[in-house]
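Okay, got some structures for you below.
Here come two complexes built around chain A, the first alongside chain B, the second alongside chain C.
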Partner chain A sequence: MNKILGNKTAITLFIAPSLILFGGIIFYSIVMSFRYSLLDWNGFGEGVFAGFGNYIKMFQDKVFLRSAANSLLLGVITLFTQLPLALLLALILTSGVKGEGFFRTVFFIPMTLSSVVIGQLWLKIYNPNYGILNSVLGALGLTSLQRNWLGDVNTALLSAFVPIIWQNVGYHMLLFYTSIKSISQEVVEAAKLDGATGLTSAFYIKIPLIKPMIRTCAIFVIIGSMKAFDMIYVLTNGGPVHMTEVPSSLMFSSIFNLNKYGYGSAISIFIVAECILMAVALQKLFRVKDSAI
Partner chain B sequence: MSEKLKSRKGNRLVRLITAVFLLFWAALQIYPLVWLVFFSFKSNEEIFGGNIIGPPMVWKTGNYANALLGGNVFRYLFNSVWVSLVVVAISSVLIGTSAYALSRMRWKLRKPAYWVFVSGMTIPLHATLLPLFLLFRKMQIINTPLAIVIPYVVFALPTGVLILTNTFSALPIELEESACIDGCSVYQMFWRIMFPLVRPTLAAVALFTFLSSWNELMFAMTFISDPKWKTLTVGLQSLSGMYYTEWGPIGAGMVVATAPVLVIYLILSKQVQNALVMGAVKG
Partner chain C sequence: MKKNLKKAAVVLSAAGMLAAMAGNAAFAEEEQITLKISHIFVDQNDGQTIGWYRALDEYKEAHPNVTIVEDTADNDAYKTKLKTQLAAGDVPDVFYAWGGGFSSPFVDAGIIENLDAYVENGTINMDAMMPDICNNFYYSDSLYALPLDSFIGVLMCNQELFDTYSLEVPKTMDDLYAVSKVFQENGITPLAMGEKDKWPGLFPFGVIALRYGGVGTTTGLLNGEGSFDQEFVAQSAQELQKLVDEGVFADDCVALTNDEAIEEFKQGRAAMWYSGNWQVGQLSTDSPLAGKLTIVNWPEITGASGDQNAFVGGASACLVASATSEHKQEAIEFMAFMSQHFSDYAYEEGAILPTWNYEGDMELEPYQETLLGLMGGADGFCLAWDTLLDPETADVHSTSLQGIYAKQMTADDYVAAMAAMR
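Let's look at the complex of A and B:
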């Protein structure tokens, strides 16, 4: 038995390809990104060693600071809107309403669509002249609220966040739904005998019992916000005047539009460091042992 | 008695409110998609002439012909399908075998190897964009499908390996012991006995991988600029640039891009939901 499961050729054959591919690429990428981040380099020829110059520049760059603040804001907003909404929907759906399966399926649809489709669709929804949002506002007689949602510096950021939240509510709803469903029926029934139904049951039985999942989702949305890219890229590409920039969109445009390879790499190292630190900090904060990220 | 009656009345009110709320939210999630289908059939005159919200007065199917033929959408669709399938095939083999080695086989560096995959989950993939771009350019595989297949496989590995490792670990050791007595080789043990038992989990992982590859944007648009190899997400981006002032064909392209995934989802909704939940819970 031991001999068979210790077969060295088989082990190598089984694990080596993925370990080399995965470990190799991740390791190579981080080392190289860090190396590039120390260079003043436009992508052509050799870069000039600049020490930590790019990092210093980064923390003095107002656009970068705004992008970092934006991603934090996105994390906080999703935490306080998307998660409560998802939890509410999950609680309702698990309380035995009609059409449980139907609603679950419908709420989850946006999750399966690509961010490009959703982004393009919301571009049309927000279109100042022919978009559905301004049309509905017009039809309701609220013409004073009509505006160029993504073009106006005052509304652009929040307008760019809405589709992100809209897309992901279903996902967290499903995570909450699944964990509420996995609460043992006996507990719920026993509580029912003691008079805990509806809201009481939700607040005193269900929510406390799915706390680990709530924590996991909180970590999820915050880390996810640090990495947000697709939707911002499609909707605003960081504009107007960098109002909606997030670190990854700034990294992307620094490298591929402005040819600042060194500076862009410094931002990518920042994103990596931020995600790891945030994950560690949140796990500590929530004292979750083997939580999932 | 009256108290009970009151609470029953209250219940009915609560039920009504929750039903309205659910319907409202469902409408909010679905209507944009319905609207997309509407304008994919509309002419510019209708869209810009006042009929914004409702269904098209005249259903203009020509938009679809425009998008599919003029906009190359068929090509992009085909590329997305086969790239995603290749990624699923390669990653499934790698995930299945390495998870088996990590969970059941006996070797010294098992723990560290496992941690490589775990740590890989926290590291955002953004950091690999530029290094891989430069590496692939040097290797001259930029602008070929390989340039996106490799990163997609790599991205699929950590979650998949962790999920499958858990699944393998949960299987009783007696299975292998009895196979061992029957004189099985390790390959037979893996392929004939253990692999079939994790197939449902692997299928869920595959579904998850398929969706992520299908929807990926950042790498696809950086590594592929040749229209011959563009995938659907990137193709749609360029389509919207091409038909900037014409909503119909863009809408048609988006419907065509969305329909296959949506149909798969509606047929396999349980499995898709499970797959995505699993990615979060066990990953």
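Let's look at the complex of A and C:
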């Protein structure tokens, strides 16, 4: 075995397929997008070289700045609502409640549905005329709270975030659940003998032991928010009046509705750079924290 | 039994091969060619799709040497796909497009074929077409596309609801405001609107602009003459804002898609709907509104100096041909054939208004008579603004109007945003 792993030809051979796929499909596209982002180009014919003009324009564009702020806000909100919620559910499920398997499946179901389906579902929930949300508010006598959730510029953004957060709770719960399950029973038993049950066990034994998973999930959540697209596209398509725009939706409409390939490519490069920077920064942050402990 | 079946199958297939060979021999002198076609006719129940395939089958029968390879996608997906394809240099021989601003970058980039020479050599017979139907397909005085359908924007009224509250279908804007009030008091949305999609909201604005500015002035402005900072533009935006403020549209109109708005209208929760005539056929024959539909033009604006009987409408959907096709002559012939026959057949299906002189002998449905009547007496036509403007200005236009519908922008904001573009 060691002989094979030490063999350079074998290594090349095994790495080649994924390297070719990665290089050809992902890396090449990013490089090409970067090239396009330097052009003033409508997608047809020849583009005119514009240097970093598109990037300068981008940071002066109010709609773009709002979209970037929206995605950051989504990241922060998701981090502080979705992950705690997922962790809570995972802790409850692993504490030996009845119907563990049943609830685990139920919580995971949203994850198995396509975003478009979930988007349609929430469109119906939010519908101002017959949606369940306004109906329930009406039945409770809270008519003053009833509104046009996705159409009102004050509520559209948060209303669009809720399904995104809701959709992925089950996914993170499952990750937490499996890593809690993989904690050695001996550790948990030993803690029990020392009198650590319930909350104490959760806070001093389980959560510290699944820290690596929490870290991974935090990175997933932040990166996921940076490139959020599908749900926004289905729910509001960036409207009303660009209030719910995120960088990806703006990139899409710049390229395909406005024929601004160069500008849209600049936004796509921004998204890539932002995701890489965030991932690196988060990893650094966690490392600093670790060494502090 | 099985053996016999097998034998029969062998004999049949042999016979089939012989027949096929004989068929090929007959057309051996003609070159076998393949034309790649992209279009949006995917909904098998749609009258336009039925019309398209009737025409296509006829073409195939008449041209056995031409193999047609179709590539289709639904409207929005089609636009995305087409632009990606063209950007990559993969141009279909003939493809579905829209006139005005949509195709103008294709013309500038030399992607689509100038048709002037084919009009001259008789491949395209302009005399068989409706007059002025190609107005939106000329770029620098050259023809680049052939029309597929034409439409007019009409106000569809649920006559049953009007009768219930003893109301008359509105003839002037004042009437419209008055009937809207009554409908509102009775919990009915006066005018259905699906402004989440943005384009539906351009229709009322478009027709109001014709009332204030007239067809000539509006068309000129959209084709690049002068600034948007004009009185009739401001008046139109103010009128639209008034419609929104008076509650003529539902408060939630920016949260509804066009399809959802149609449903509101169909189910009697909205009394009127203003849109292109595309759904008139289906609404008046196969919907809860069958037999209850009154179709009129948008109301007049008393005292306004534009064209009071002009329509939003005209021809926009079209076919264009690749400038780099290997079989240009055949592609243009195909295009002319399809344009003309689609016009006939989709019209017979009640899906479109004809773009070529109709010479069939079909009996017209009452709603078709109504539409033709409305068209006949018109002061003129002008497409919705987004079709004629360049994409960027069109986006500012439609987003700012969405702002008015959402009560987030005022008429002044709209004019300022447009004036900043030109």
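Simple rule for what comes next: the second predicted complex is superposed on the first by the 267 of 293 C-alpha atoms of A that agree within 3 Å, B and C clash if a C-alpha of one lies under 4 Å from a C-alpha of the other, contacts with A are read in each partner's own complex, and residues count from 1 in each chain.
We adopt the following convention: contacts are C-beta pairs under 8 Å (C-beta built on N, C-alpha and C of every residue); 3 or more make two chains touch, one makes a residue touch a chain.
These numbers come from a predicted model, not from an experiment.
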item: Joint occupancy of chain A by chain B and chain C, clash or fit; value: clash
item: Partner chain in contact with A:110 - chain B first, chain C second, else both or neither; value: first
item: Which of chain B and chain C A:256 touches, first, second, both or neither; value: both
item: Partner chain(s) touched by A:121 [first = chain B, second = chain C, both, neither]; value: first
item: Chain A residues touched by each partner, larger count belonging to chain B or chain C; value: B
item: First (chain B), second (chain C), both or neither touched by A:64; value: neither
item: Which of chain B and chain C A:151 touches, first, second, both or neither; value: second
item: Chain B versus chain C as contact partner of A:161, first or second or both or neither; value: neither
item: Partner chain in contact with A:176 - chain B first, chain C second, else both or neither; value: neither
item: Location of chain C clashes with chain B - one stretch out of 97-105, 115-123, 169-177 or 259-267; value: 259-267
item: Shared contact residues on chain A - chain B and chain C; value: 129, 255-256, 261
item: Interface residues, chain C side, partner chain A - complex; value: 79-80, 83, 86-87, 105-106, 108-111, 196, 198, 251-256, 269, 391-392, 395, 399, 402-403, 406, 408-409
item: Of chain B, residues touching chain A in the complex; value: 14-15, 18-19, 21-22, 25-26, 28-30, 32-33, 35-36, 39, 47-48, 52-53, 94-95, 97-98, 100-102, 104-107, 113, 116-117, 120-124, 126-132, 134-135, 150-151, 153-154, 157-158, 161, 176-177, 180, 184-187, 189-190, 211, 214-215, 217-218, 222, 232-234, 236-237, 240, 247, 250-251, 254, 257-258, 261-262, 265-266, 269, 272-273, 276-277, 280-283
item: Partner chain B, residues of chain A touching it in the complex; value: 1-2, 4-8, 10-11, 13-15, 17-19, 21-23, 25-26, 28-30, 32-33, 36, 89, 92-93, 95, 97-99, 103-117, 120-125, 129-132, 135-136, 139, 166, 169-171, 174-175, 178, 198, 213, 216-217, 220, 223, 226-227, 229-230, 233-234, 248, 251-252, 255-256, 261, 264-265, 268-269, 271-272, 275-276, 279, 292-293
item: Residues of chain A touching chain C in the complex; value: 42-45, 126-129, 148-153, 236-237, 239-242, 253, 255-261
